[in-house]
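Letters are used for the chains, namely A, B and C, taken in the order the chains are written, and counting of residues starts over at 1 for each.
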């Protein structure tokens, strides 16, 4: 499978290996949408388990964005990873898997990564007017949007 | 004045018919008080019985076995803050529970607890009863509208649709029972020729017709009477918005339906109205199909001996209740903490026993008999209400309508037609 | 670019539409100031509502009783579990996972411990695995019992709730005797179990196994053949196989739609490969099928527990785990079959004592997305039934 994909995309696939028995691909952001599409249609990864991100503030491309996919017919899991810089947008996977909707909203909410073509990209767990994206490493654990807390809860601080 | 009061005692009729205002007022007081007490008792019984269905104990703290719980609840509800939502239509909001309460209690004017134990006997008694009891829809709609809130509005709409549609099926069943009063009842059973051939709408008349025809309408033209009764029994549960037809106040969907915004005393008026309506429709069922105040086998087991045997039932019932109370006393924990409760329960048992003994006295037992049988039959229905609530899930709105219009109504019409045919042919 | 389409279950032949349209999302126009005049009614179900199982808020767009659309507003219970994880050591974070799906705390703990064990490249000893299976399956049973009671209560049947709570109590007693806690148990540790089973543990479990099957029959007696129950659940909240997969729903909801997939069989973890059990599936993907799948799952859980208790090996219960846990740099995704579906942990280690990132893939969160497609065109009462049948726990949805 990897060989086939590599043949198709060449250097688009930067890394394909496995760690602790789990396969993953690291690919260029440019081909991600097509690749996900092919993985679903051609390779039968029909179930999108999760979409999530990891923040590395010291890197130039700050975010790892991950799709964890599963194939019912092959009983196989794969992780697809791209690296993007802060402010870069990624095509939304909602046309491929409906489940990507809320998962992408959560990534947006927590990391501030925007998805192009998402039908309703807004905060999901935090309230709409909140400032900041809490799962970024520069967001402190007891930090909160004091302004929002004051305006909406009428208290000085939530702590 | 005194003559006016005593003059009624000789007459063998209801105070309304005798035209005696004083006694009519006394009866009204007694009935109103009695129903209120019955509602409280029902409240306690429902909580207790439901709890035991559900492997719980129910109220146990206020009084022995929670006997004083309804009183505590009443005090709580009366002293609670009365909240009227600021956006509500104040006047309509205020009057809605009163309408429901009046509608449910006005029905009791014609309920015959005995041949003379009714406030009055209207010659259109059953019509009056159906008409007045359906007025409570108005109260429900007003409550839902006046609250000016989504959930009550949906609750009120559901409720009005439901009550109106089930009234139709209910009406069919009632008409077939009324029809039976005019039909000779010969044929299959071959007994009873006493009827005149003219029917009656009077509640007392209907009961007497059953006595004269020597058959409860439940068993007349078997299974027609039975089916009509079944339709009524289902429709009356829907009519009073009780499980499994409790959509208007479906807790899990509409929080509390049309009375979501009500609290305190006003809310308790809704509850009082609901329970009073339950007792009222059960009384209709008892009157129409179960021989009203007549004891079981009023025609089959006649003679002085049987009369005596059946007249002892009220007394024995109360003695049995007293025995249950004393069993409770014996089983009460011996810890000093429970002393007051034990004494209270024993006192309650003694009171019940005394009432039982009084009921054995010949003058009392002769007069109380019909009331006892009537209440006993109604109590059976009340138990059914609790039983339904413990057992059934709730219908969905469209299914409820389907049952009403597509099942009960056609069957009701069919039963009505067949009753008429059978009555003429046989 | 081809777009994946979802068939509208209400009009399967006529119209197909974009999949994304069906994920809980509403275009809310003007606030309905004069709602009494309009045909469309927007009501807020929750966040404080008896049937939303916590603090879920569902905005319903209604035409009379018919649901035109829904939007779920979640996050009321958001505690930032994933953020907390980044500031705790691997061991310290272990109790936190119990607070997500608090009715199946043991399953959460199992998933986390196994994920970290994989990252550390250690394996729990066989006896620990068996204890884990027994407790996890007991917890599955408890979770399903709680679901059944509340689901039935939502549909209007009060009594099953008390029966299920009575029987769930027996499970909680076993938990309490084993680790001292009833709900948020923190039963497992990374590398095995902290506590050896108490004296008479097997006896208690066997006693429970004999006690509970007639009780499950009793629930079924109250519901399975009840006409009203059938009418309320059959053909309600239907979700087709394709939709279920596209929406990523897992667990009993997926199985009721006809996908025979259970992580315990597909990718066995703990000691599940040692046991013989069936995966119940449904055909129609309606509420009734989900109900029967879960009922059958309870029985299968009993089967697993019985085999585990009978075969439980002797031996140590804790693997050799370093005092200070410093997993090598790397990342791991490990998932287990929690009572609600696939519960996954994605852990990134930077070689320090604290995880660099912990991502929890919560089954309830993903399953809740399917609410909209399941209730469009249905009635208000069905929304209640569907929320109940999805078996969500808001602690897990919001984390």
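Miscellaneous remarks
One rule holds for everything that comes next: a residue touches a chain if its C-beta (ideal position, glycine included) is under 8 Å from a C-beta of that chain, and two chains touch if they have at least 3 such contacts.
Keep in mind that what you see is a predicted model, and the values were worked out from it rather than measured.
With centres computed from CA atoms alone, C is the chain lying nearest the middle of all the protein shown.
Farthest from chain C in terms of Cα centroid separation is B. Between chain B and chain C the centroid-to-centroid distance comes to 45 Å (mean Cα coordinates, whole Å). Chain geometry summary: the mean Cα position of chain A and that of chain B are 64 Å apart. Separating the CA-averaged centres of chain A and chain C is a span of 23 Å. By the touch criterion stated above, chain C contacts chain A in their complex at residues 1-4, 6, 18-25, 74-75, 78, 80, 82-84, 86-87, 118-119, 121, 243, 245-249, 259, 261, 266-267, 330-333, 335, 342, 344, 346, 348, 356-357, 359, 361, 365-366, 368-369, 398-399. Listing the residues of chain A that touch chain C in their complex gives 19-20, 22, 33, 37, 40-41, 46-50, 52, 54-55, 66, 68, 72, 75, 77, 79, 94-99, 101-103, 106, 110, 119-120, 123-127, 134-135, 137, 139, 141. Touching chain C in their complex are the following residues of chain B: 50, 53-56, 150-151, 153-154, 157-158, 243-244, 246-247, 250-255, 389-399.
Contacts from chain C toward chain B in the complex involve residues 35-36, 41, 43-44, 49-51, 64-65, 152-159, 161-163, 166, 222-223, 226, 228-229, 231-232, 379-382, 384.
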